[in-house]
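Some structures are shown below for you to check.
Each of the next two complexes has chain A plus one other chain: chain B in the first, chain C in the second.
Moving on to the complex of A and B:
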C-alpha cells in the first residue's frame, strides 16, 4: 500500500518535471518591472519591438517592489525564474553586493552611442554599480492641488512645513530617505551640509523634530499610486511621489494638480540580470539589454512617460508624447527649467546608514 | 393580525425613544463628517423634536408623513444637490414612518401580550444589531460597484457622479478589462487553474472523507488533522514551504504546480463538507447493495455518491472559490506566466490604483452570486426530486 503510493508519487513527479523544464527552454523570457504606466511604456518602447525583431515572447512580471527579497529566495531555492529585472539603483547595489546580480561590462555588453561614444562615457556617472544598467532618471517631487492653495502656489519645498500658508494634509513616503533631507534643508541647513549634519545623532534628531511639526498632518504612502489618488480626492493639499505619476495625473487625467519641482530628489532606475542563469538565458538577457538600452530605445520610452533617459545621447531625441502630442522635454525632471534647485541623493551615505535611520524613523513614527 | 391591543403613546415616550435612535444614527453620520458628538446631538434633537410634536397628531398620519418626506427632500436638495436630495428623501421617509410607528404603538401589535417592556426593547435591539452587521458586511461591496462606472481613473466619487450627471459615468474600465492583454491573460489563467484544482480537490477530498469515515482505518484522527492542516496553518507559511519544495522538484512556476497547490488548499473544504453529509449516511445501504451483487465501485457511484452529492457539490464550490480568490500561494508558487486575477488585482492596487480593479471586482461579485444561486437552486431541485427536503 505504502509502496504503491510512493511509486505513484514518483511517477507523477517524473511526468510533471519535464513539463516544467519545457517551459524553461521555450523561447520566452520573464522581465520584471513596476507595473502600471511604467511597464506600459517599457512594453511600447522595448518589449514589442524586441519581440517583433527576434520572436522572443516577453512575459511581464510586476514584482519589482519585492525584487530583492524574491531574488534572495530564488537563489536559495536554486531556481531563478527571472531573466531581466528592473530595480532602483539602491536595490541594484544591494543585489550586486550579495552576488545576486551579474556584473556587466559596458564596453562590450552595451551598445555604443550612434556617434561612437562608448556606453561607459554615454551613461557617465550614472553607472553607479557594476551590475546596474541605468535606464531612466526620475525624481521624487511634490504635486499640489491648484484649487486648494489660493493665489499663492507653493514655490519652495519648505511649503510642506508651512501649515499656516497651506493648511491641510500632505502625503509623504513612509521612509526616511528624502524626508529627512527636506526637513533639514527647511530647518536652515545648507544643502551641501545636509549629509554631514545627518551623520551626527543631533542632526537626525533635528530632522525628526522638524518633521514632528507636521506629523499630525501627514498621510504616509508606500505605493507610488497613492499620492495621485489622494490629490485627486482632495484628501491632501500636497504630496510627494514620482514625477511620472504626477505627469500622468495632470496631462492624461486632467486633474487640478500643479508640479513643485523645487528640491526634487533625483534617483535612477535600471536593469540588472540575475546571477545564476543558464548560458542560453544569459545570452538572451544580454541581447535584450543591448537592444533595450541603446540610444534610440531610451529616447522612445520618454514618448510614453515623463522620465528622463539615462544616456546623454538620448536627450536630443526626446520628442512628443505618443498620444497627447505634447512636447515631453519640459516635463522631464532633467529639464533645465525644472532642475534649478535639485537635491542630489547620496547613495553611498544611504547604503551605510539606511538600517540605522530606518529604525530611528520607524520608532519616531510609532511615537 | 395584531396579537396585542395597542393605544397611542405619550409625546414624552415617543420623543425620548426617537431621540435615542436619532442619536444612534447621528453617531455614524457625525463620525463620517468629522464630529461624532455633534452628530449625536443633531440626530437626537431632530428626531426627538419630531417625535414629541407628532405624537399628539396621529390622526393625521398620512399627510404629515408626506410633509416630512417632502421637507427632508427639499432640505437635502437645497443643501447639496441631487445626491443629498436622495439621501434626504430616504431619511425623511424613514423618520416619518419611524415616529408614527412609535407613536401609535404599532411596534407592540404583533408581539405576544405578556412580554415586558425590556423584552420588547431587546426584540428590536437584536434586530438592529443584526441589521448593522449586514450593513457593515455589505456596504464595502456596494460602494465599489458605482465607483467602477467612474469616468475618471481614480477611486473617487467625482462631483459629476454625485449629481448623477451621465458624463460622470462610463464603461471604460469594463472596456479596459475586456481589451487589456494583461487582464485577459489573468482571467484566462484563473479560468484554467480553478476548475482543474477543483476537480483534484473534489476527487481526493471525497475519497479521503469516505475512507476516513470507515471505522477500521488506523490513525484516522491524525490523518484527518494532516489533511485539514492547510486550512489551519497560516497561508503564508504553507506558501513559503510550497515555494521551496516545488522549486526543488521543478514544479515552481508551472501550471501544474499552481493547480496542485490550490488543490491542497481546497481539499480540507471538501473533506469537511463530505464528512458532514456522511454522518447521516446509512451504512446498511452499502451492505444491501453488496448483497444484491454490486461491486464496491458500482455501490459507490450508484448508491453512495447520489446521497452525498450535496456535500460534494458545496465542497467543490468552496474549493473553486478558494482557488479563484487565492493570492498568497500563487504569488509564491506561480510565476508571471500563471498570473491569476487576484494576483493582477493585488499588483494593480499596489502600483496603479485604477478603477479597472473595481470593474473586475464587480464582475466577480456578480459571477459569485450567480454561481451560488445556481448551485443552491440545483441542490433544492435534486432534493425535491429525491423527496429529501431539508429537515
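Moving on to the complex of A and C:
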C-alpha cells in the first residue's frame, strides 16, 4: 500500500514537473462558472492565487447553466472558446457521452493528497465520470420559515406533504429529479427501493400521485435564488434549494429561516475540460485543474461558501467563514450531524430515464 | 390584339425598339437597386436564414445511426421486428464491429443518447457496451450474443432492437411525431400514452393566451392612442414618454416588478387586504398561473400596440368626424362608422406585432407563468438547453413557424395585408 502510493506520488511529480515548467502554455484562459457567490468563492480560492503564481489572465464567464448546449454549439462550429467549465455531475456525464469533454486520468492529471493518497482514492466514489473532476458536494434540501411553523419545526422531509401540520405553499424545483424520490420515500417506499420502483410505470404513477396531493400548493422554481426570496417574502412556508443559498439567507442576511437536512439530496459540482482544445490551451487548463483541485484549494473554497470539499483529505482543513468568522463545518452538507439521512442521487439511472420521466412530469404539470 | 399595325415597333433614338430599350434601362435600375441592398441581403441570408434552415433541418435528420452502425443497419433488415425474438448472431457480430469503431472514435455514447430519446435505457446500454467492445477481437471473440446480454440485459430485449431498426434511416419523422404527441409503434404512428401527451396542449394554450393578450392590448391601447392622437402636440409628446419609458426598461426588470406586485404577499394583495376587499386567508392568486402571464405580457407588449395605432390615428382628419356630426350622426355613430374604420390599419398592424411576438415569448411566461401559464417556446428552450434533444426542439419550432405563417395567410385572406399600416 505504502509502496503503491509512493510510486503513484513519484509518477505524479515526475509528470507534473515538466508540465508546470513548460513554456508553451496559453497565458490567458476562460473559466466558466455559475456566477454570484459561487464564482466569487472560486475567484478567492482558485483564480486569484493561480494568477498570482503564474501571471495567467483568467476571464470569467457565467454560463454554466447553459454550458452543455453552448459547448455543443461551439463544438459544431469548430470554435471552442472555453478552457475550463464548471458543471454539475449529470451535465459532465452528458458532455462526456457526447464527446464534448476530455477524459481525465486522476492518477497523472490530478494532484495527490498531502499524505500521498492518490487523487483517485482521495476523491473515491465521487469520480462519477471519466471526464469529471469533482470540486464540491452540495445538496438540494429544504428551508422553512421559523415563524410560520409554530412550535413544531419540521424534522422530516415528509413535512412537505403534510398540509395539515404545515399549511401554506411550498416551493419545489420544476423538474422530476429529487421530487419523485422524495414523493416515493414519503409514500412509504424504502430508500434502497426507490429507483427500482421508479423503473416501473406504476412507480412513476405512484410518485406523481403523491405529488398530486400538494400540487395546488406548490410554487415551482427554476433558479436557485427563487426559494430564498420566496421564503424571505413569506410566500412559501418551506421550499427546496441548494444548501449554500439557504446558508447565505440565514447566516449572511439573518432571515428567519431554518434548515431541514433530512433526506437532503447530495449532488456534485466540478470541472470539465472541453474536448478539442489546442495543445497550449489544454496544457494550461490541465495545469490549472491540477492546482485548483488540490487538497488545500478545495478546503479554501469552503471559507467563502457552505459547500463541502470533494476530497476526503480537505475535510479536516475546513476552517471559519472568511468574513463572518463562524465555523463552516456545521453548515456543510457532509457534516455528520447533517448527513444522518441523505438521499444519494443515481446518476446512471437518471441519465437513462431523464427524458422519459421528464415528459411524464411535464405532462403531469400541465394537467 | 388583332390590330396589326402597318408601321413597325416604336423605335428609340438609337434605333433599338423602344420596348427593348426600356426593358434594359429597367433591368439596369433593378440591378443597381439589388447591389445597394446586397450587403443587407447577404447579411440576413448568412446570419439569419441559413442558420434557421440548418436548425430546422435537424427535425428530420437522423444520420448518426446509419453512419455509425452501417453493418448493424444492413444486418437488421432481415430481422422481423414483430417476431418477438431478438435478432440472430449475425446482427450481434455486426454491432460488435460497428461499436468497436464507434467506441474508438468515442461516438458510441452519442448514438446511445440519440436512441435514448426514443427508448429510455439505451443510453447506458451503449455506454457500457462501448467500454467492453473496445477490448474485443471481432474475428476471434465471437459469438457475441451472450456477451452483449451479459453486459446489459437490455440487449436481450426485442424492443431495444426494434427501436434501433425503426430509427436506422438517414431521415426520420420521429421528431415530428413526438412533437405531435405521437410515436412510432409496431403498426406505424400511434398516440403516445395519455400521461405523456403535452405538446398539443401547449400549442393550443400558446395560441389561446396570445389571442387573449392581443385582445387585451387592443382594449387598453385604443383609448390611450386616441387621447395621444387628439391632444395638442406638446402634451401628447409628454404623455408619449410615459408610454415609451417602460418600453426602454429592461424586460427582466419589468417582469420582476410584476412578481413583486402580484404575489400573494405582494403590493396588490396587501392593498386589497388593507381595504378589506379580500380576506387575509384568501388572498388572490395572481401569479404563477395564466393570469400572471397575461397581465405581465399585456403590459410588456402594450407599446407595440399603442405606437402603430397612434401613428395611424394621427393621420385621421378630424374634419371627417365633424362632417359626420353635422350631417346628424350622434357621437357614437360618428365614432363607430367614421373613426373606427379609418383606424383599422393601426389595429391590424398592432395586433400582428403583438400576436406574433407573444407566440414566441419565453422569459416572461417562464418567470411568472407557473405551470399553467407557460408557452410552447418554454419547451423549445428546454429541449435546446437542458435535454439537448435538438431534433425535437427543431420539430416544435418548425411547427410553430408553420402555424404562424398559416395565421398570417389567413389574416391576409380575411383582413388583407394591404390594410396594415405602421404609420
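Points to keep in mind about this one:
Convention: the second predicted complex is superposed on the first by the 341 of 367 C-alpha atoms of A that agree within 3 Å, B and C clash if a C-alpha of one lies under 4 Å from a C-alpha of the other, contacts with A are read in each partner's own complex, and residues count from 1 in each chain.
Convention: a residue touches a chain if its C-beta (ideal position, glycine included) is under 8 Å from a C-beta of that chain, and two chains touch if they have at least 3 such contacts.
Just so you know, these numbers come straight off a predicted model, no measurement behind them.
When both complexes are overlaid on chain A, the residue A:105 reaches neither chain B nor chain C.
Once chain A of one complex is fitted onto chain A of the other, the partner contacts of A:27 are absent, as it touches neither chain B nor chain C. In the superposition on chain A, A:97 makes contact with chain C only, not with chain B.
In the superposition on chain A, contact is made by A:59 with chain B only, not with chain C. Contact with both chain B and chain C is seen for A:233 once the two complexes are overlaid on the shared chain.
By the touch criterion stated above, A:37 is placed in contact with chain B alone, chain C being left untouched. In the overlay built on the shared chain, the residue A:79 is in contact with chain B alone; chain C does not reach it.
Shared interface residues of chain A (contacting chain B in one complex, chain C in the other): 65, 233.
Put simply, chain C touches chain A in their complex at residues 106-107, 109-110, 112-113, 116-117, 120-124, 127, 195-198, 201-202, 263-266, 288, 366, 370-372, 379, 384-389. Contacts from chain B toward chain A in the complex involve residues 152-156, 182, 243-244, 247-257, 335-337, 339, 347-354.
Residues 65-66, 68-69, 72, 94, 96-99, 169, 174, 205, 208, 219-220, 222, 233-235, 348, 351-360, 362-366 of chain A are the ones that touch chain C when the two sit in their complex.
Residues 13, 16-17, 19-21, 23, 30, 32, 34-38, 59-63, 65, 73-74, 76-79, 81, 223-226, 228-229, 232-233, 252-253, 255 of chain A touch chain B in their complex.
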